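Submitted below is the structure of interest, expressed as structure tokens.
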Amino acid sequence: MTKTGDNRARLIALYTMMCRIRAFEETALAAHKAGEIPGPLHVSVGQEAVAAGLCLNLRPDDRITSNHRGHGHALAKGAGVAGMMEELFGRAGGHCRGKGGSMHIADFSVGMLGANGVVAGGIPIAVGAAQGLKLLGSDAIVACFFGDGAINRGPFLEGLNWAALYRLPVLFVCEDNGVAAFTATASVTAGPGVAARAASLGVPTVAVDGNDAAAVDAAAARLVGEIRAGSGPQLLHATTYRLTGHTSTDPAAWRRAADVEAAQAAEPVSRLRDRLLSEGVTAAELDGIRGEAFAEMSAARAEALSAPWPDPAVAWEDVQDCGAMQGAD
Amino acid sequence: MAEITLVEAARRATLQEMRRDPSIWVLGEDVARGGLFGQYRGFLEEFGESRIVSTPISESVIMGAGLGAALVGTRPIIEMRIFDFVMCAMDELVNQVAKVRYMFGGQARPAVVIRMPHGIWRNSAAQHSQTLESWFTHIPGLVVVVPSTPADTAGLLVTALRSNDPVLFFDPKNLFPLTGEVPEIIAPIPFGQARHARRGDDLTIVTWSAIVPQVEEAAGMLAARGIAADVLDLRTLWPWDEAAVVASVARTGRLLVVHEAVTTGGFGGEIVARVIERLGTAQVKAVARLGQPRVPVPFAPPLEDALKVDTAKVVAAAEALMRG
Amino acid sequence: MAEITLVEAARRATLQEMRRDPSIWVLGEDVARGGLFGQYRGFLEEFGESRIVSTPISESVIMGAGLGAALVGTRPIIEMRIFDFVMCAMDELVNQVAKVRYMFGGQARPAVVIRMPHGIWRNSAAQHSQTLESWFTHIPGLVVVVPSTPADTAGLLVTALRSNDPVLFFDPKNLFPLTGEVPEIIAPIPFGQARHARRGDDLTIVTWSAIVPQVEEAAGMLAARGIAADVLDLRTLWPWDEAAVVASVARTGRLLVVHEAVTTGGFGGEIVARVIERLGTAQVKAVARLGQPRVPVPFAPPLEDALKVDTAKVVAAAEALMRG
Amino acid sequence: MTKTGDNRARLIALYTMMCRIRAFEETALAAHKAGEIPGPLHVSVGQEAVAAGLCLNLRPDDRITSNHRGHGHALAKGAGVAGMMEELFGRAGGHCRGKGGSMHIADFSVGMLGANGVVAGGIPIAVGAAQGLKLLGSDAIVACFFGDGAINRGPFLEGLNWAALYRLPVLFVCEDNGVAAFTATASVTAGPGVAARAASLGVPTVAVDGNDAAAVDAAAARLVGEIRAGSGPQLLHATTYRLTGHTSTDPAAWRRAADVEAAQAAEPVSRLRDRLLSEGVTAAELDGIRGEAFAEMSAARAEALSAPWPDPAVAWEDVQDCGAMQGAD
């Protein structure tokens, strides 16, 4: 294959993954609205390029940690769709056997060490995973996804300082969608921002347009290579936009219409589609990819909906080995 | 008297006290927007940015800044969003807020109200469903409030906002939509007095917080089966109404404590032990506790249902106790 | 068998296991220098900087990194320096370490040993003297270890370092200088089995951790006064040796729980409640708990002495129980 | 008085306070060695210039928060010596009635809001005190003392961001003695250091030789003035050296002799003495000041030693108003 062909294949892989994430999220949203998914749901519509671009550069034995908005990260790292959808639905076949749900998706078999219901909760875990891998002599790395809201929590400072100190193979990924729950992060974040904070802790930053999948891919390729080669931790600051509300029930009504419109225009899936069209990929091919993604997720939804619930006895399992059953009489 | 929701009752109590006392202010995430549950709806407009402080996601400082501001004479409401996040501020709560008055020989007045909506809440899984109120009964210096009705929430919140102690106010988040009558002018309800929710002579059921409606329902079902339960809703766990509980058990001879929290290490153990210490074993025929098994709260509905306390389990536990 | 101190017993147990298993490593402040108490003396020289990691004062990451490292298959010893500082890492401990295995449906194996020297320690005041072990009995997923002798410390630490559960290991810091015999090759001591420290038929005394020597002394004094105490040192609080306690109380009819922690909300309440639930009230003549009052630990010796449990208070409580 | 006279008087005030702190610390150390003071003791021998120079610029209604090494801060803020010494001795007349001891010294009557046994524990409290003062319409400011070890804890990030965000009147004072307990902080601190960290959080820093009392005084004068005038928070980075061990029982044997020697030569009390001598103050006058300081502290020690212990009943007091006595039967 030519270089261009290589490149195009890569872009198509990105596009495919992004369509799958988008389809997963929209399907999950619809299922949630239909009452099929219990509990809170945080989707990443509009942020697909970061997960897809980043994880395309990871090996299966690389690890990731994620946050409350983790479906895209998990899918991009290779988590099985059926297990994810069933987990959201609380079914027996979910990756976490229905015990975690959307906010606690994990698939250790593909190196996805878990979403997290606590903002910045994944940072210390990522750092430690990297330290453990180093101790074991592995050259695997850890990518740690968090939002712009997380940079105001203490573990951000403690974790970056730590990673820099021990030169750990961690790629911090700040998905900066400008908002934390219902608050514009700029309104609660003093100083020049995440890159300056990271630099002050010994961690260099690369900034990237997080809605440009190819740019994320290129930046990630370089960073992952450097980190694997022993550069020590680095941070990727990816600017993006959350097209939907904080949770599935939040209409995000407080946003200015102009901003939303601009964001829609800059959203990553159609941007990549436009680029592929301009590079000669046919609309039919792209529509096919998109259609397939939505079909895949629709099917997963239908399957999840008819999948068996976990046996109530499962509720008592996997607490701990020792002392688990004491007092259970 | 208006029939309003529990969250609205909390909002009105806060509003009443903030209008009365300009030293009361609120800090927490998203409070400018009205809070996660609307408990501060309209406050920004009325009180402005200096008294309704929407903060970064910085729980250590949300808690610690509340303390510091109390030490110079203001009365902060520290809004923790949901209880589970107070884990990110535990040093500030347990090592600082709870201890400054004592360590400094009485110089400090940590008059803060820490609001922590807690408990199981619509399949939110292990990190958003905890009920660890018993922890704080074990920490000297803290007041622990666990209301279950709109009226109690309002009255206890007023008391909290006039107290000089640090008060942990556990909003029962699953009951926010529950409605009930609340007076226009909300009078303080003293800490340490149980609400006698139902009278009966066969057994004493002691309970609190989000599980109370189900316990009351169970008591109704038990009555239909000829078992008359004396139901005490404690309303506060520190101080707690030992006198009322002891008097009731002295009468009924049977004690069932029901709480949503895990049974092991829960406050039910304290109540049972204390009642036996006070009454001796001769006067007491049987005791039991009903709580969750020592298992994290799972996500899937059938799993959550299997573990969580509900009306049927209360009925079964009471019937078993009557046989015991 | 050598007669060594408790801290040296802990050091040797750790050394033995680290030599056996290269996946065990230590992270915490000042551990390269041997730890605050010398419990890692000489380890840096033997194991090097990759396994003896002296960290910044970053408790959140000390705890969280330990967890992360466990998730990729290593076995970290998370050294908290002293217990009170774990308050700075409570989210990582309670929301993450304790829950990952369950939340992720069994995928995670959080095999960490968290060492937290706890308790009163030479007038160190409220922020350096806490004993909150009961908190963690209330948190599903955690094992709680509270040894009191050099041999038990060694044997239980070996078990902890071979366990796949997260183990909270409460070193009794006030007893670090205590000496006792410890075998050259340290065998694991199973969790959940009490040490029967003394046999007697008049009352059962259940106790653990730093207060055990004083309870044993008190039992000697009681014997001289004709009261034969059955003394059980629980050694672990989760799991705990319910069978041994219930069997003993079934025999003696009287139960006294003694712990250094505050009585209210302490694990004594759980033990009393559980024993009564198991045995009923008819078989039990009297129960009592002895702990600290619900007051922070003060600095001045006469104040600390006034509040803390000691031999005389144990004797008095036992005698009162015999009258009850 | 002439400007020079003013200046000299100010230097003598500094010298006097520094001698008093030094004398307090050495007296306390001796008393601890003699078994008169129970519990752990952290003294600030060698660091006196920071406390003295800073607090000389504070008003009585300004507040300070401190850390585990807080005697100097308290004295410089005006805390009574008798109450301090008695507190160390655990006597009834201590500022905290014997309940706090060395690590929890506080004197609210002079705006000293407390030492702290938790590293970085005072940072959130300082920030909140400033926010409270602002809400109350006061123009008082808060000085927040912490060590170089504290900058690796999360509350440092959270607190500085917060102070900058709300433009709070806080002067952060980092007493950088190069060591945290038994660890050289450089060995556990990544990145360029405290000033860069503060800058990244929107807080500007002024660096000062913390062993030069006049320099600390001058920097503090400017910073306090600016902050009171509404500049928002700033940080003073004062480099100094701890001449004694971490605690009274630590010989600090691991330090290199050359470093200790250099530090002794640069220690602030004799440096200021030399300067005053060169400015024409007589040795006799300076010896007198020093002698008086030591005499004051010796007397305080003797008085504390014979002062009454607190009544055991006091142990039950000041826990809380409501529910304090429940279960006390």
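Think of it as A, B, C and D in the order they're written, each chain with its own count starting at 1.
Basically, a contact is a pair of C-beta atoms (placed from the backbone, for glycine too) under 8 Å apart; a residue touches a chain by one contact, two chains touch by 3 or more.
Quantities reported herein were computed from a predicted structural model and do not represent experimental measurements.
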Chain separated most widely from chain A, comparing mean CA positions: D
Which of C-D and A-C has more C-beta pairs touching across its chains: A-C
Inter-centroid spacing, chain C versus chain B (mean Cα positions, whole Å): 30
Whole-Å gap separating chain C and chain D, where each centre is the average of the chain's CA atoms: 36
Between chain D and chain A, distance of the C-alpha-averaged centres to the nearest whole Å: 46
Gap in Å, rounded to a whole number, between the CA centres of chain C and chain A: 40
Interface hub residues of chain A, defined as touching at least two other chains: 94, 96, 98-100, 104, 116-118, 152-155, 158, 161-162, 165, 188-189, 319, 326-327
Multi-partner residues of chain B (at least 2 other chains): 55-56, 58, 60, 84-85, 87-88, 91, 95, 102-103, 125-127, 140-141, 238, 264, 274, 294-296, 298-299
Contact set on chain D toward chain B in their complex: 63, 65, 94-100, 104, 106-109, 113-114, 116-118, 121, 123-136, 138, 142, 154-155, 158-159, 161-162, 165-166, 317-323, 326-327
Complex contact set, residues of chain C against chain A: 23, 25, 50-51, 53, 55-56, 58, 60-61, 63-74, 76, 91-92, 95-96, 100-108, 140-143, 163-166, 191-192, 238-240, 242, 274
Interfacial residue positions of chain D with respect to chain A in the complex: 152-158, 160-162, 164-165, 188-192, 196-197, 199-203
In the complex with chain A, residue positions of chain B that touch it: 29-30, 32-33, 54-60, 84-85, 87-88, 122-128, 263-264, 293-296, 298-307
Of all residues in chain A, those that touch chain B in their complex: 38-40, 90-91, 94, 96, 98-101, 103-104, 116-120, 149-150, 152-154, 180-183, 187-189, 254, 309-310, 312-316, 319, 326-328
